[in-house]
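What follows is a pair of complexes built around chain A, which joins chain B in one and chain C in the other.
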Partner chain A sequence: MTTIATSSSSAGSEHAGLFGVLAEFDGPQSLVDAAANIRTAGYRRWDCYTPFPIHGLDKVMAIPRSILPMVVAGAAASGAIGALALAWFCNAYDYPMIFSGKPYWGLPAHTAVAFPALVLSGVVTSFMCVFVFCALPRFHHPLFEMPQFRRVTDDGFFLAIEATDPCFSPVNTAELLRSLGAVSVELVKD
Partner chain B sequence: MNDASQQIIKLGSRDELYLQNAGTRWMGIFAGIGIVALAAAFGVGASLHDHLRQFYFSYLTAWIFCFAIAASALFFVIGHHLFKSSWSSVVRRLAEGLAGNFVPLLVLFLPIIPGMRQLYPWMSRMYMNSSPDLHNKIGFLNPQFFALRMALYAAALIGISLYMRSASLRQDQDGKVKRLLNLQWHSAWCYLTIFWVINLVGADLVMTLQPTWISYIEPAFFFAATGMMVYAVLPLLAMALQAGGRLKDIITAEHYEDMGRWLYAWAMFWTYLGFAQYMLIWYANKPDETMNYLIRDMGPWVIITIVLFLGHFIIPLFGMLPRQCKRVKPLLAFWCIWLLFFGYLDFFERIQPQVWSATAAGRKAMAGVHKFNPYALPHSLAGLAWMPLHPAALLTSLLCLVGLVSLLLAHTFYLLQKGALLPIRDPKLPESIAFENF
Partner chain C sequence: MTLAVNEVSVPVDFDNTGEDIIHPPVLMTGEASYKRVTTLVSRIIEAPKAPAIWYPCFFLSAGLAGLLFALIGYEVFTGVGVWGNNSPQGWGFPIINFVFWVGIAHAGTLISAILLLFRQKWRTGINRFAEATTVFAVVCAGIFPGIHVGRPWFAYWLAPYPNIMGDWPNFYSPLLWDALAVGTYTTVSVLFWYLGMIPDLATLRDRATTRFRHTVFGILSMGWRGSARHWKIYDRALLVIAGLATCLVMGVSSTVSTDFAVSQIPGWHETIFPPLFTVGAIFSGFATILFLAYPVRAIFGLKSLITDRHLDNVAKITLFMASIVFYIYLIEFFTAYYSGSTMERYVYLNWMFGPYWWAAWAMLVFNGVIPQVLWFKKARKTWWIAAPVGLFCLAGMWCERFVIIISSITHDFLPSSWHHFVPTWVDYGMLAGSFGLFFTLFLLFCRFVPVVAMYEVKSILPQSHVHLPKAAGEKK
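This part shows the complex of A and B:
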């Protein structure tokens, strides 16, 4: 794909064959500064890649709070209610049995079952949601094609803007990143 | 030493790092309030004409509450060293101040001694001989061994808290990293020791109010109630100091959030152990164990039991859950005060339902309860169960609480004004100040 830079067809296939643009920065601070500018420039589909968590980066990228807690809370509640309902159905409704002189529907005894059910469904949901929300498992990513990106787990600080972003333009976006102090800016094939 | 002095400059001016005159002022104010409130509590208690029975129970409840604050602070400081944590370095000195209160607590325990015969039925050898089960406990429940145990607890608490605080203050002076490493090295056995001491204080001072009752979870349950206190007091103390211009940019929303999380976790841990104990006793249904709950089911106490369950568990469970409740100072302050209140109510419910057992009728019924029908107990003693909830009795409890907490705070400010409000030469301090939650 050599003609992408000049192509100007319809929005969907505008940058066909292009993943986006990858910029490398020389340190955490210049990456944070660049991220703040990218956000104010109106970009939506972009991300920063760093070897370690950087204080303040989440804030300047304006990453919203994850909905994971809500999902886990819902799953945990349904786990507990499900366990209680099962205990009620078995012990108190369908086949009432007396255990050591306790009432059919004795909440203290059934809480002991409801609590692990709550924990189990919450934990399993949390574990599964990490895969779902992170779109895993995934065996390949276009950024892995870039040789310099290997340093992201060592000493490389990267910012990638994806071609699907409405503001994306191979020329202007690359120019913007260069003006923000990127050490190198390269287009990434999909 | 150059690095260390530069660090001090970075931390802010002397006015922000030391209490200076404000410490002495607050010490005077709290000491005044404390002495007046305790004198008033004694007056109100004496006016009840019950041989100071209610006063002793109120005083013991308040003393246990203060003990819980100091003991949990000590546990927090040791835990900080043991886990080599860095976020809590900024509040370490404040916790050391709260943990340094065991000498005054020992002095304030002295007024309980003349009331021991009223508080603890096992002080009477005649009572202990009234049933075979009680007779078998004489080896543990006797005044001499009790005094020995108390002396050991006091030695452990005072010795360890003095060491933790003085080594930290000495590091402020000479900046030797070795002192911090020593603290970390010793923290392991200190942690275990203090864990057991808190458990045993719960068993000795609270559980033995009912000598017929034994629950192996009760000391751990007491430990859970105790451990929470420091996380409710520390944020309030930090907020008060910040309102007075101290530590302004040092303790941030990140530190408050962590303290709030711990507060939340301990409140839930309290529920976990409380429920574990209740469920097992409910299931086994043995008369000498269910007695504890039957008493707390009598008359007004059942309302307090339910209110405690709601206020200490259900309401914070959902109310404290949003992140902002731990990050925004007024919201966190609200939950700290809320849980301090319910923490006190918890100790109140552990101790004061036993007031009836200190009466002549109660003693008789307690001896009988062991041999005969425990289910006869609640109805025959329902009138006595009300005693700690009469207005004058409640006033005694309130005045004792205000008095002892004020004296505790007075001594805390006395300790805090002696040094910097931060471990200024702690090598982990910069990391702690820059700490951020993800």
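This part shows the complex of A and C:
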């Protein structure tokens, strides 16, 4: 008994071998309504899976704002400053040379260098951020084992609650999802 | 025309070009279901064979692309003397082709990025293949400066790297800006294109019937599973990239124009060049879409997704851009006259009545006059008028680059340095070959990659619009 008591304190091992429960809904509207209820019910570790981004679903799910734009702004600024510094180092410091009587280092002309560097570092950073923040690529996921989940990229609208959620219970959670109008509710093995 | 009640599916050949201030326009004709969007696009890739017309088109294009690479080999082994380039005309066809292809490259980013920023829903039907034209046109563009340097194995000299001579590139040089701008543009357009494609690649993964397809699309789609938390980050990233890419479009074409505008040559030394090149780039890109969209949707049966309304909008933007381009031409002539500078006036007269008169007149007629037929709805709706207009615009834009590059510098200040430019068969071969390369890549793209952004089309279908529950509404 003691072992069970200790292990239940660390969430997840209570439902060992279980990823969670997967519910399918018949369209964007019923999914959004269900998501609102799941959130009100106090669940924390859950997610919706849709073929396209549903406008407003993030608000319903209370997904926090992404820090991505901030990271990108930082990267873009460093890119621009780096390019200006490079131009200064090359043409004004390490090997000063006069081109057409212009100053060694001049902001107007070097803007043409700084700008692409700004865009390049900004775009490459946003691209990388998608994968870092989404923890992708991840080629295997317990949900991929569910045959109906293949429709998530076609016309399937899913909601999955993970077993690690403190409120999770294989019976009650499934029941709740069924009561919210899910067309199918199934347990997902880990 | 007011049959825009969104819950009702309209016939496939429904005319959705009408204006209706109450109902949002119908952007997918036929049965507007998610399943049908997936099927319409995926079946092109999943079909065991391409449509019959694809094969002759592909082999013709691939032959021309082969010609391009053969000529590049010939040029590299023989030297730049195989071109018609001479002194003072050191740029010739390679740079004309470069500027021309860079211009075409811009519409893809523009359609995707600017229309995304402005939340224009109709972009979803055409953005994917517009972005594809961007990537392929940049590939074509990038080849020419690479071989034009004469000894392409030294092209890395453009990069600032510590070398045994202890010197560095000149950061005041527009040619360095050019390399940086085009390199950035290539990277950005590829990343934007690929990132936008990930959910659609996941669709193909999930529909795969063979192990091979499942593996290939599985790797390419990065394990995408449509999570709402991922969509949020993904959306944000695409928006940020769109914002940066929009500025980049302006930046790259302006930078290309400084190759000319920063010099002292009459006909090049003009402050109007950055906007002219930007508008010209957007114009030629939209003309490309106008020209390509009709065959693409006819061959691959995508009339429901690339509807008449999409093409009507593309035609209208082409017309708008053509009008700005034409206006700038007129302003250039006026400025030359008004400047009172003998050389400036002479250059423009020489454009129109000198040895290359045909190029200047073609530029004015093809870019300025012919697109004006797009004012008529009948012309915009008739494929055999609209598509050839797109082709004329492309020819006109190529002539514009010819006029700027060839006509101006072959007759500059000193008559003693005047020299006529005559292209050689290698020049013509490479021009044709670059079209071959473009179409080879484009045809491969149509066959093996989703031509229409499925997830984006699904997101604008009427049933995708949800009403937020009260609890969530109160929160914000």
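Please note the rule applied: the second predicted complex is superposed on the first by the 176 of 190 C-alpha atoms of A that agree within 3 Å, B and C clash if a C-alpha of one lies under 4 Å from a C-alpha of the other, contacts with A are read in each partner's own complex, and residues count from 1 in each chain.
Everything below uses one rule, namely that contacts are C-beta pairs under 8 Å (C-beta built on N, C-alpha and C of every residue); 3 or more make two chains touch, one makes a residue touch a chain.
Bear in mind that the values here come from a model prediction, so they are computed numbers and not experimental data.
Under the clash rule set out above, the superposition-derived model of chain A with chain B and chain C contains a clash between the two partners. If you count the residues of chain A touched by chain B and by chain C, you find the higher number for C. Using the contact criterion defined above for the overlaid structures, shared-chain residue A:140 touches chain C, although it does not reach chain B. When the two structures are aligned on the shared chain, A:101 is found in touch with chain B, with no touch to chain C.
After overlaying the two complexes on the shared chain, residue contacts for A:68 are found with chain C alone; chain B is out of touch.
Applying the stated contact rule after C-alpha superposition, one finds that A:53 touches each of chain B and chain C. Applying the stated contact rule after C-alpha superposition, one finds that A:76 touches chain C and leaves chain B untouched.
Residue contacts after overlaying the shared chain place A:124 against chain C, while chain B stays out of touching range. In the superposed model, A:112 lies in contact with both chain B and chain C.
Once both structures are laid onto chain A, the chain C stretch out of 290-298, 308-316, 398-406 or 452-460 that overlaps chain B is 308-316.
Once the two complexes are overlaid on chain A, the chain A residues touched by chain B in the first and by chain C in the second are 53, 55-56, 58, 100, 102, 106, 109, 112.
Residue ranges of chain B in contact with chain A, taken from their complex: 275, 278-279, 282-283, 285, 323, 434, 436, 438.
Interface residues of chain A, counted against chain B in their complex, comprise 53, 55-56, 58, 65, 100-102, 106, 108-109, 111-112. Against chain A, in their complex, chain C makes its touches with residues 33-35, 38, 160, 166-174, 176-177, 180-181, 183-185, 187-188, 191-192, 195, 199, 202-203, 205-207, 218-219, 222-237, 240-241, 244-245, 247-248, 251-252, 255, 258, 455-456, 458-459, 463-469, 471-472, 475-476.
The touching residues of chain A, when paired with chain C in their complex, are 27-29, 32-33, 35-36, 39-40, 47-63, 66, 68-69, 72, 76, 86-87, 90-91, 94-95, 97, 99-100, 102, 106, 109-110, 112-113, 115-120, 122-124, 126-127, 129-131, 133-134, 136-141, 143-144, 149-155.
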